[in-house]
Every structure is written in structure tokens, then in C-alpha cells.
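Next come two complexes built around subunit A: one with subunit B, the other with subunit C.
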Partner chain A sequence: MTSDGAVLSPRLNTKLGGLRWASTARPVVALILFGVAWEAGIRWSGTTLLPSPYAVAAAIVELIQQGVLAKYIVASLFRTTWGFGLALLVGLPLGLFLGWFRPAAEALNPVIQILRPISPIAWIPLAILWFGITDAAPIFLIFLASVFPITVSTSAAVHGIPRIYLRAAQNFGVSGWRLWTRVIFPACLPQIITSLRIALGVAWLVVVAAEMIAVNSGLGYLIIDARNAGKRYDLVVAGMLMIGFIGLILDTLIRRLEHLPMVQWGLQNR
Partner chain B sequence: MKPAIQMKEVTVDFPGPDGQPFRALEGISLDVAEREFVCLVGPSGCGKSTLLNVVAGFERPTHGKVIVEGDLVKGPDPRRIFVFQESAVFPWMTVLQNVALAAKDPSKLQDHISMVGLEGFEQAYPHQLSGGMRQRAEIARALAAEPDVIYMDEPFSALDYFTKLRLRRDLLRIWQEKEMTILFVTHDVEEAMQLADRIVVMGRAPGRILEVVEVPLERPRNIDAPIYLETRDHLLDVLGLS
Partner chain C sequence: MTLLLVAMTKAFLLPVLVFVWIATISVLHGFMNLGWTARGSSDGASLVQIGFLPVTCHLTCPVTDFIRRETRGSGLFQPIKFNSWPELKEAFLARKTQATFLLAPMAIALREQGVPIKIVYLGHRDGTAVVVHRESSIRNFSDLRGKTIAVPNRFSNQRLLIFRALRDAGVPISEVNLVEMPPPDMPAALSVKAVDAICSGEPFMGQAELDGYGRVLALTKDMWPGFISCVLAVHEDLIQEQRPLVQEMVDGIAASGLWIDKSADNREQAADFVAKNYYHQNPRLLAYVLSKPADRVTYSSLNLVRENFREIEELGKLSGILSGKASFDDYTDTSFNPKPDSIKAPDFVYDK
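Up next is the complex of A and B:
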């Protein structure tokens, strides 16, 4: 009776082992070629406007030996975690609320739409005025950067829940807290996860910018300090590369949420 | 037989595009007996889905009222479950979780799943199932609420021919076993002929009942029997299609 032509969805990725190996090798080869081209470009042109990959690698080793690299990474991640965490704590409930109670959304929408396009960088003077040269200033800026994408996407997701799901829930007598935890929140989760990914990306962009001005530690501070203190552009580029690597790691970590079985339905076509 | 569902002079107006109210249904009166299987048939735009939504309590009639099992319908009720045209099983839950959420008696989950033939797919998510199996899951979830009445809005219309035939056969078996009342909307005359005790033929502009036709045949229906063909031709005639 279960032969309605039905099957559990086949794994699309059933290629040969060799092809899989190739798909891992391709980006590695591209990275090596990028490094080689960089080195070659500097040697042929003889420029001093950009440090060579060797100089940058040496600078990274130097930072590790001085013990500042780990310290600065931890400082940046600490601020990102707090800013992003607070944004999640505020943005998620606020988005759920605004998505459900449309009059509230209509009332608040102009405020959100006016605040949203203001770059968090523009808030730096006020952040310093309010919080001084403390961790609270960049945390506040990261919070501002992350809270809007989370709130707006969550609200849109709640608003867009297909009516038949809500009607079915109502029909089965699912209401109150159970309606929120079993229907509304899971129905929005794929979109929420996508918004968290965007918000974390923006948070990481902003922490670096904020540290260039508002504090005296972290990877952003490393870059600005290396330039100001001794025009050490090898350290500048080393800081830039570390920002890139850590951004990649953060994105990889948050993408793991996309592997939750309960969100597969909403992410399949992306 | 006692009426399970009584529709009394149900009229529904919708706000039209030009500000004028648009009359979707006018003066619908119909009784459905307990354990009866009734199909609403009509062309698109005749208001049959609207009528089902009103009877189920999802929409309010502009005039008139609906009484189900003696109670005036004011909203949806877990004793009467609606099965949607597009699958409304929750895609974020497995088949088992869907059935469990709806279940009146959590010890009988497996019975409901077996009833629709989804054994072995308890842990599957809806998107991993075919369209036919998703509708089976939806029926299992409806059964889990142990309703007296099931409303079905073109539940098989998106499925292929063979899957439709199997699901109709299984639905009839379940209906007979569970002794439920079923009100079933379809635009497929053959489907109505195979399922219903009575077929309510509806017309459009405004939506109204043209005729109520009994199908005086034992199930499973012999689709070559003269009376089957006669009844079907009469239905097509009422619908203006012959």
C-alpha cells in the first residue's frame, strides 16, 4: 500500500570517490595559485606597496610568538559573541512579536526602516560618548548591526507562514505556548537561520571597524596600530588575513545549523 | 438518521474588487446524516471550498448558520478535522511527530499510521515522501484526533491517477471502519461517483445547490453498471456538460 511511487529522497551526491577528492582539491589548488601569483607579482614588479606572502607569514609567526595574536582574536570574538548574542536575545522575540501582531509592526516599521540603513560605523561617536573606550562600545555597535537583520527576517517569516499551517494547528486545538514552540517558531526557523548567518557576517565586519576606533585591543586595533606605530604593513595584512580566516570559520560554524533535520524542508531549494 | 451537519440558509459575501460585495454563496441549506459520505461537486468558482471552510468554522457566513452535532459552529474544533488540498502536514516534523501533535490518545499513534499504510515511514519528514504519502500522513494526523467528522477539500486533486484510485479505496475502508461522517469537495465527477452516498451539485454566480443526487450503488462501485452510467450522465447533465 505504500507503493505510491514513494521513496526517501535519494542523496544527490553519490558521485565517485575520485570526483569528491577533486572537489576538495580544487579550492586548495586555487589558494596555492593565489599565493604564488601574489609572490610572483611582487617579485616582478619590485613594489614595496604590498608585503609578500612570506613577509605576512613571518608577521603571523611574530604575532604568535609575542602572544598577542591569540589575545586579539579572543578580544574580537568576545565582543562579537556579546553583541551578536544580545541582538539574538532582542531581535528574535521582537521579530516573532512584530510578525504576529501586525499593527505593532505597522507602527514600528518606519522607525526600523530609518534606523536600518544607518551604518553602525556612523554610531561610533555616540557609542564612544555613551560607553567610552570600553568593550561596551563595540558590543553596542555589533548589536546594532545584527539586530536589524534578525528582527526584520524573523518578522517577515512569521508573517509569511502559510495559512493552512495555522488553520491546521487551530483545528487540532494547538494554541498558546504550544502554538509558538511547535508551529510558529519551527515554521520560521529556516529563514531565521539564514538571517543569523547574515547577521553574524555583518557583526564580524563591524567588530573590526569598531576596534579601529573605539578600543585598544582586537584584530581591528592590531591593523590600525601596526600602521600608526611603525608602518608595519606585513602586520596589517597579517591582521586582515586572520580576519578573513576567522570570518570563514564563523560562517562554517553557523552553517551547521542548516544541517538540523527539522529545517531541511525550508533550505532545500537554496 | 440524525443529521450530523445542518447548513441553514448559508450566504457568504466577499468584498469585491470594485467595493461592491461579491456573493460567493446564496441560501445553502443541506443536512448531512451521521456516518454519511457526501461529496460537493461543481465548477471552480461555485463556492464549494468556501462552503467547506464555513462548515469547518474557518470562515463566517454572512447570513445563516451551520450546526454540527447539535452545536452552532463558531470556529474550528478538534472533533471535526479539515484535510487540505495541499498537504498541511507540518514539514518541520516527522510523520510520527505530526500524528503525535494531533493525537487524542498518545498510545494509539501506531494504529493511525498503520491505518493509512505508512508503517516504516514514521521517522520520515514530509518532504522525503511522495505527494500520495504526504496525503496519507495528513489523513493519519486527522484520524489521530479521533474526529466524528472529516472535511476534505480536493485532497487528491494534485495526485496522479493510480495514486488517486488507491487513496480513494483506502479512504472508503477507513470511513467504513471508523464510522465517520465525511464531507468531501471535488471537481471530479468520477471521484464523487466512486465515493459518495449523495452528491451535491453546485452552480456558480452566485454559488448555490443545483441538485442533490443519490448514488444507489453498493461499494466498491461497478463503474460499468447501467445505473452508475445513468447517474453519472445525469450529473454531467445538471452541470451542463453533456
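Up next is the complex of A and C:
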């Protein structure tokens, strides 16, 4: 898009600039409308339990002043990093293996499909029994939530590689390790990146459930702790919004992976 | 050469960034949340861990801990705050906590199921209320016929309390709808009239009252004087291996119970330091339930008494949560009951 901009006529360029302005303005307008609707809903219903956007903003300021917001964000990101990282370390090789070696996929598929739909919340008792009340328990739950999407779509990606790639590689005498690094892995990358994006979203999604275990930090803990604190739904909603914002940032970051040259190759050759 | 360098930087940039991120977030977490500082980190690890919930039924746990740390500089045990009954119970069963504050009927039921635990002391007396909506027409327990009542857990003594009150009012239990609900959610459920009555330990009932939509139907002190919701339960091997420690814990709880009950001022101090350091609640809310009225919840006579548990057993069987397989002698160890007059309230003044 940017390289094309130079050859466009000045008029079209201004129009594009206008479009770019509009594309930033639209979400801002939508957010403001959302805030107004929220405020209106609170006033119209006359509720004293649910907080207004202003009260939530004040709660976020309070959390910053107490110094706990940074702590909680770090704690949740720490658990998500390790849970997701371990899921990647396990899910990616496992997915590649299952995609390539079909008998193993046929054998393991039922087990994976049985484990996959189980909510991490259901695993909480086992997480406590195995990992106690340390950070390992929430990390395990986040791992569980993200390992299956990675495994399943990596396996599907390998399985779906066009035969012609493999035949061409064979003709050029590419085999073994080089076949994996030069053909199979790059060809699967776009699909893998998409699955990572989904898995990271899920990992961040379960942070609240994962922090229901006796940890004393994290954005999920903030929400659960605020419920124990009486009428502090401003803190609950503040925690929800922080999870949402950080989720947006994580998604933006992981989407940048799609622009890597290696990934572009796989995309172009679809 | 430069080209090669650029290519290598590009190839390694992502792994390096990933590594830097993992290291940074882990170190930050260590320092900000796990207390990785030069000193103090070893303190919690070696101590016996006691589970508790942020409710007044467990107040003696943080009070004992706080007074001891303030006066002696180190803790006797490590209090671990949980957010709900199932997680607290599971950590105890998995021996991740060696002792815990627990619902009395739940402790008995676990013993019946063969878990080698013993109740060694009570946590409190009273401190539960039944609250209805301010605008409701419910004036006494017979008005609860056909209504929905929220209780914390099927193994909670609050549920048995409802069974007892309805039996005394002549209302068959089949004519009410009992639902289990985490106490923190109860005030909101009552305010939107999702339920007709709520019953749990404080401060959640006091909250519904303070917020203006709740009306107390009855306090336990008037319905079932000396009501016990929670007890201190320990694994049997902790008793065998560390008997003096268990005794010290019981004595500490007994002493801090006397300290809380000594004066209204002490109650206010307790509300303040517990709310700020342990429960993360509004100190005014805790102060309210600890003072309006002063005997809403008490902490002075915490010795295990056979008669108290007889009634719990009976109601437990009536409500179908206990089989009667375990007797008082199975599920309690009364040898830790401090001798009369052997415990004194500590001289402690909390300096805000």
C-alpha cells in the first residue's frame, strides 16, 4: 500500500489520507458511543450496584495510585507467557508430527478431541491437586486452554500441504531436515500463525478462571477479590476493561507476525 | 559482510525478543508479586499454611497472624487467602494447606468420607444472618413458604440453620427453594430480587443492610445462640508430627479471640487492619458487622463442646449431608482446648 502511494495521483493521495483519518476516527466514535450508551444505561436503570464509566475510570486511577495495577498486569502476563509458551513448545512439534505421521494422528485424535472441549474451569481441582497454590496451577490451566488449538491446526496445516510442493521438493532432491525447514514448515506457517493468534486469545481469556486458585495477584484475581470486597463492582469492571485492552494489544502484536517475510512466502503460495 | 549481519539480525530478532520478554516478565513478576527481595522471602515458605476466606467467621486467623507479626516480628503460620469454598477444600485435601478454617459440617462430612482430619478448635460463634429485601413482605420464617433462599454451600451450617428455622416454623423444607450461591454474589442477587432471602456469614449480610436494600430477618444469636459456622481443621499427621505447633495455633486463636471481644475499640482496630492487610474490604463494612450489635459475632468461647456438635449432626442427617458414620470423638480432638483461665488477651494496640 505505501509503496503504491507514490505513483498515485495527488488527488487520490489526499483521498487516501482522508480514508486513513476516517479509519482512525471510526473506532474512536464507536468507543465514545459505547461509553455514552453505558452511562445512559446506568442512569436509565437507576442502579446503584453497577458502576458508570466515570466510576470505572476512577477505579483504574485508584489501582494505579495503590501501585497494584502494574503488579497485577505483570502477574497475568507472566502466567500467560509461560502457559502459552509451554503450549507452543508442546503443541507445535506435536502438531507437525501428527500432521505428517497419520497413524499417530488416527491413534491420538480421539484423546485430543475428548480433552479439547473441557473448560479450564473444570480442571481447577486437578490443577490444585497437582500444582497446589503456586503459579504453576494457573500456568497449567492456560497451557491446557492454548495447547489444543495449536496442535489441531498445525496438524491440519501439515496434512493439507499441496502434494505438488512435496513432489517438487523430491525432484530437487530435498529431503529430511531440509524438507521440513524449507518446504513443510514455511508452507504451514500462515495457518500456524493464525492458530497462534487464536490460542493466545484463548490463553488470555482464561486468565480470570486460572486466577481463581489461591493466587494473590493478577487481573483475574483483581476481579475475584473485588467480588469479595463488597460493593466494589467498579473494580470488577476496571479489571474487565484492563483484560480487554491488554487482549487488544496482544492481538495487535501477534498479528505483526503475519508480516514476517517467511510467513508472506507461505501466504503468496497458497 | 554488513548484509550478512543485517540478515542475521533479522533472523535472530524474533527469538531474541521472545527471550528478552520471557526473562523480563518473569523477573518483574518475581520482584513485584513473589517478594524476591534480599530478605523476608524465606519466611512464608517454611511455615505451616492455613487456608481462610475473607469472612468474619475466619477473623481470628488474620488477627492472630497480625498481632504475632507485630509483636514478635515473625509469623507462627502462613495465612493463605482463598476465594471460595471448593478451592479452599481442595487445597486442604491435597495437603497444600496443612490446616484450614472450614465449615463445620463440611469437616465432619470429609471425616465421614475417610479423610484423616480433625477439628481442633472453633473459629467463632454466631456471625450469620438471614436477610430479606427491604420491600418484601417476609416478616418471619413461615413467610418463607414458596420462596427462594440462597445459602453458601450444601455443607454450610447456614443451610442447616435454614432447615432448623423452617422446622421450628412448621414449614416443610420441600416448600422452599434452596439455592447454593457464593456469599459475595448474594447482596447483588437480593438487590435485584433474584432471590427472596440470603443467608451467609458476615460481612456480606451487613453489606446488604448498609447498602439499603436488605432487612435483617434474624441474626443467629437470636435464632440459634452459640451458632458455629466454621472450625479450625488440621490433618491428623500434623497433630502427630507437630503437636506443640497445633497447640500454639489454638492458643493464639483463643488469645486473639479474647482480644477482639475485650473492647469495642479492639474490634474497630481489628476491622481496620484486617480489612486493609488481609480481606481487602472496606474497613467501615467490617467495623459495622463487628459492632452492630457488638454480639453479632463473638470469638470468646471457642472450646469444642460435644453438645454443640450433636445438633449439627442431627440437622446434617435431616438435610441429607451427613450419614452419622463419624462420631464427635472421630472428627474432633478436644485435647487442644485451652484450660480455663490459661489464656489471656495479648496487650496489643494497633497503631494506625
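Just so it is clear, the second predicted complex is superposed on the first by the 243 of 270 C-alpha atoms of A that agree within 3 Å, B and C clash if a C-alpha of one lies under 4 Å from a C-alpha of the other, contacts with A are read in each partner's own complex, and residues count from 1 in each chain.
Following the convention adopted for this analysis, a contact is a pair of C-beta atoms (placed from the backbone, for glycine too) under 8 Å apart; a residue touches a chain by one contact, two chains touch by 3 or more.
None of these values were measured; they are calculated from a predicted model.
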Subunit B versus subunit C as contact partner of A:Y165, first or second or both or neither: first
Partner chain(s) touched by A:N216 [first = subunit B, second = subunit C, both, neither]: second
Touching partner for A:D225 - first (subunit B), second (subunit C), both, neither: second
Partner chain in contact with A:A156 - subunit B first, subunit C second, else both or neither: neither
Subunit B versus subunit C as contact partner of A:A57, first or second or both or neither: neither
Which of subunit B and subunit C A:V90 touches, first, second, both or neither: neither
First, second, both or neither for A:A187, with subunit B first and subunit C second: first
For the subunit B and subunit A complex, residues of the former touching the latter: 56, 58, 75-78, 81-82, 84, 86, 88, 90-93, 101-102, 117-121, 124-133, 136, 141, 145, 159-160, 163, 166, 170
Residue numbers on subunit A that touch subunit B, as the complex places them: 1-2, 4-9, 164-165, 167-168, 170-174, 182-183, 186-187, 189, 261-266, 268
Interface residues, subunit C side, partner subunit A - complex: 14, 21-22, 25-26, 28-29, 32-34, 49, 51, 53-54, 80-84, 86-88, 90-91, 93-94, 96-97, 182, 184-185, 187-188, 191-192, 203-204, 207, 211, 279-282, 285
Touching residues on subunit A, where the partner in the complex is subunit C: 48-49, 70-71, 74-75, 77-78, 81-82, 85, 124-125, 128-129, 132-133, 135, 212-214, 216-217, 224-225, 227-233, 260
